[in-house]
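Below, chain A partners chain B and then partners chain C, in two separate complexes.
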Partner chain A sequence: MLTITTESGGTWYRPGEIVRGSVTWRLEEEPVGLEIRLFWFTSGKGTRDVEVVASRSVERPGLAGSAVFELQIPRGPYSFSGRLITLSWAVEAVALPNGEITRLDLVVGPRPVEVAIG
Partner chain B sequence: MESTQGGVDGGGCSGRRLVSRGCGSLFFAVFLAAGLLFTAVIVGEALREAAVWGWEETPCVILASGVEETGDDEKPWRAALRYRYEVDGREYESGLLARSDSGSASYDRARDRARRYPVGAVAVCRIDPSAPSVAVLEARPPWIGLAVLLPLVFVAFGGCGLWFLWRREPRPSPDGLESISQHAGTGRGRRLLVVMGLIFSAVGAGLFLPLFGLPTLRLVEAMSWTPTPCRVLAASPRSWSTDDSTSHRADILYEYEVAGTSWRSNRVSFFSILDSGYERARSTLDRYPSGACATCWVDPDDPARSVLERELRPVQLLGLLPLVFLGIGGALAVHGLRRVPAPGTSVAPAFAEPGPSHEPLELEPSVSPLGKLLGCLVFSLLWNGLLSVFVWQAWKGWLGGNPDWFLTIFLLPFVAVGLGGVAGFGYFLLALANPRPLISLQPAAPCLGDTLRVEWRFSGRGSRIRRLRIVLEGREEASYRRGTDTVTDRETFASFSLVDTGNEWEIARGSASVRIPDDTMHSFEADNNSIAWALKVTGEIGRWPDVDETFPLTVEPLRLWEV
Partner chain C sequence: MSSTPLARRRPADNPFASGRIEGLACRLRTVTWPQLIGRLDLLGGRTALVGPKGSGKSTLLAELAARIDGEVIEARIPGSCRDPWSFARMQLPHRVACEHSVFLDGGEQLGALAWTRLLAMTAPARRLVATVHAPGRLPTLVTLCPDVLLLRDLVRELAPEDAAVLDPLLPEIFCRHRGNIRECFRELYDLYAGRSAARHSA
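Let's turn to the complex of A and B:
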């Protein structure tokens, strides 16, 4: 089991802010590493684009434990939703090489809701 | 706030999937095995060719030197050599020029090889250490090894296919959640595009040079050659089987005299590759029957070099077609290079903010009128050039009273597209004479919430424009695969009119301002999805192509202190 918790308890972040939080895990198989990634991805009509903008690695995490992370949000892109494209942000924790994952969806932008266009 | 672990179906390993994986494996394994087999054969041959360089050298005396027929229609001429050498006190004779000398289609080439070894000369030959009776005069580079590239494509295809089928997929989370971030782009796709583009270009150049480039250079060189009377000694039709057809060529052996010395050649034209084919071979044989007298062109500096014809015929322009590969490959490579992100960079806005700028920015159109014209010209040339081959076939049927209706009807839509290309070329040619809008922007790097000041004027006769519209547009663009095509859908989400006027003075020069809302989306560009902002300028001109240009601009996110 993997869990991501943000320090603020919220999921809305303004551009330039730092996402602070922690990941806790209790796994059945011992992973060789654990990676925490801040990324955006698109969904909708177009082929999916994904970009990891910041990440943090935990080496030899063991079967159980926790780690804190600080990942900075860039100026953009904002979370938005249009007729063709939706862009979303998330933090993902992945047990490497092929283990469990968990994801926390975020909203990135000047307002606490995604930008609606179209 | 704690993460939620949603239910995305991870997909089970069903029996159907196993069957499809098995079939796929068989398919790719056949490619891999065939590729490896041919690779082994070619590499083995290249190694044997290279081994000749290690054979022991020994002096040999040339006993006979000339040109002989091989009996093979594809390569009918060969240097006929005979030489004697000695190994351990025992004399041997051999006639091999090189380990793999199967002859040549060119009499000149066979003769030039023989000329290197005149009778009585002492040359150096190489002796096979395992069989002293086997010797060659020349060791050649193992160029055949380059042919390994072809089976390696099969190996790569088969190997990649198998890897893709059997790679270890990330195991889904117990709750079925799959990682999205693992699909983050690494630029591999773009790099592959660059490699593919370079391969395309290399193939294009590799075909263009022997088909058109080098023959044209020789043709230009031959323009200064001397006309010389010559006599056709033999006119032989040559035909040989290829993989799926029969090739034909006319072999015209002619003789001429320069300064009392007789020379022979069978070079009819420099474009020998494109001059093959039954009809053309027949026509050449009719023009040069055995015993006929003709005029050939002889190089005054080297009388051994001559040619019967030095015209550039329309069919030889087919040699320009590989330029299509060269062009497409170049475009792919440039496109790939432009988009390969440097490590650590992002296509999304990072942390740096645009600095304050009071200097207006002159915008460039996305495609200039000349660019549109050239694009249309290239398309029309390629499309109609390729189409003309088939149209000519259909036309010949009609001329001969035996029309091919299926081909004719099948070609109609393609011909319509070709005619559209020609019409488009005319349209863009006229549009070149249009006044050109010059658009400047302030601030140069507008952010969301900024007021944008746009100034316009025209180079050329702006007074020809009856009505001018300038619109600021924000647009979503999403590209996706449909079958083998990549389709891009576009949807306008914001549109702000800056000017819409028929006033002559306002059209000629003016400015307008618009505030970009702070609750909309800034410019964003990724491989397949983007938010694009642009100024669209439309000018109506009576009885003439309209001015229609798009000026892309970048709208930045809000400044961090404003957020």
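Let's turn to the complex of A and C:
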């Protein structure tokens, strides 16, 4: 089990802000590492894009524990939805090498909702 | 035609978004995976997956490759490629060896000369499986013939809550795209995106 929580308890961040939070884990298989990634990705019609903009590693995390993280959001892109794609932001934590994963969706932009286009 | 009271969805929630389509498992109707791999080896390991555009060849090829033991080399030639042979060659090792199983998606893009080169280059490989649109270049492992029942099955997996609305539309959509399942999904995506509601409205 992997859980991500933000320090503020919220999921809305303005461009340039820092996402502060913690990852808690209790795993059945001993991981060699844990990766915490801040990234955006697109979904919708056609090819998908993804970009990891910040990450941090936890080495030898053990079967259970927790770690805090601080990841800075760049100036953009904003979270948005048009007709063809949605661009979403998220923080994910991945246990390596087995790939157990959890994700916390974020909204990045000047308002607490994604920008609607079209 | 009946109206289609489908709620407009944002792209991330569209049941026909590319990520969801990519998650669909290949439907093997008349053969099991072990039987298919057995047949592949019975044919000398050099075979073709035959089918028209959008029939599921790439999905089948990828799933077959994932089930093959040993060193698998996957190469893909996109439809828009100007120099298919160079593009394919770049993805193959400098020296193809007997432990390699080569899976080529888009074999129909290769002309006769390039095809001969491919066969020569991959001759030492344990297996060569290529997708093509027509039989004849290699012994056929599977011929894919999608039908509206397959489309309905896939659509029900992607959008089970809207089956009653979508089912009656599928025969016409299937015919309009001449059995190209990928294009059918694109039209269904647009339906949820509110882009072509007029076509399906009363």
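By definition in this document, the second predicted complex is superposed on the first by the 118 of 118 C-alpha atoms of A that agree within 3 Å, B and C clash if a C-alpha of one lies under 4 Å from a C-alpha of the other, contacts with A are read in each partner's own complex, and residues count from 1 in each chain.
Here is the rule we use: a contact is a pair of C-beta atoms (placed from the backbone, for glycine too) under 8 Å apart; a residue touches a chain by one contact, two chains touch by 3 or more.
None of the values given here were measured: they were computed from a predicted structure.
Engineer: In the superposed model built on chain A, check whether chain B and chain C fit or clash.
Structural biologist: Result for chain B and chain C: clash.
Engineer: Touching A:I85, do we find chain B (first), chain C (second), both, or neither?
Structural biologist: So A:I85 meets both chain B and chain C here.
Engineer: Go through the superposed model and pick first if A:R103 touches only chain B, second if only chain C, both, or neither.
Structural biologist: A:R103: touches chain B, not chain C.
Engineer: If we overlay the two complexes on their shared chain A, which of chain B and chain C does A:G62 touch? Say first, second, both or neither.
Structural biologist: neither
Engineer: Where does A:P112 make contact in the superposed view: on chain B (first), on chain C (second), on both, or on neither?
Structural biologist: After superposition on chain A, A:P112 lies in contact with neither partner.
Engineer: Please determine whether it is chain B or chain C that touches the greater number of chain A residues.
Structural biologist: Of chain B and chain C, B contacts more residues of chain A.
Engineer: First (chain B), second (chain C), both or neither: which does A:G44 touch?
Structural biologist: After superposing on A, A:G44 lies in contact with both chain B and chain C.
Engineer: Flag for me the stretch of chain B that overlaps chain C after superposition; candidates: 81-89, 135-143, 153-161 or 351-359.
Structural biologist: 153-161
Engineer: Which parts of chain A are touched by chain B and by chain C alike?
Structural biologist: Shared contact residues on chain A (touching chain B in one complex, chain C in the other): 44-48, 82-85.
Engineer: Help me check something: in the complex, which residues belonging to chain B touch chain A?
Structural biologist: 1-6, 168-171, 173-174, 177-185, 346-353, 474, 476-481, 489-491, 493-494, 518-522, 524, 526-529, 531, 556-558, 560, 562-563
Engineer: So in the complex, which bits of chain A are touching chain B?
Structural biologist: My answer: residues 2-6, 8-11, 14-16, 37, 39-42, 44-53, 72, 74-78, 80, 82-85, 87, 90-94, 97-105, 110-111, 115, 117-118.
Engineer: Going by the contact rule at the top, pick out the chain A residues touching chain C in the complex.
Structural biologist: Chain A residues touching chain C: 43-48, 81-86, 88.
Engineer: Sort out for me which residues of chain C touch chain A in the complex.
Structural biologist: Against chain A, chain C makes touches at 10-14, 16-19, 186, 189-190, 193-195.
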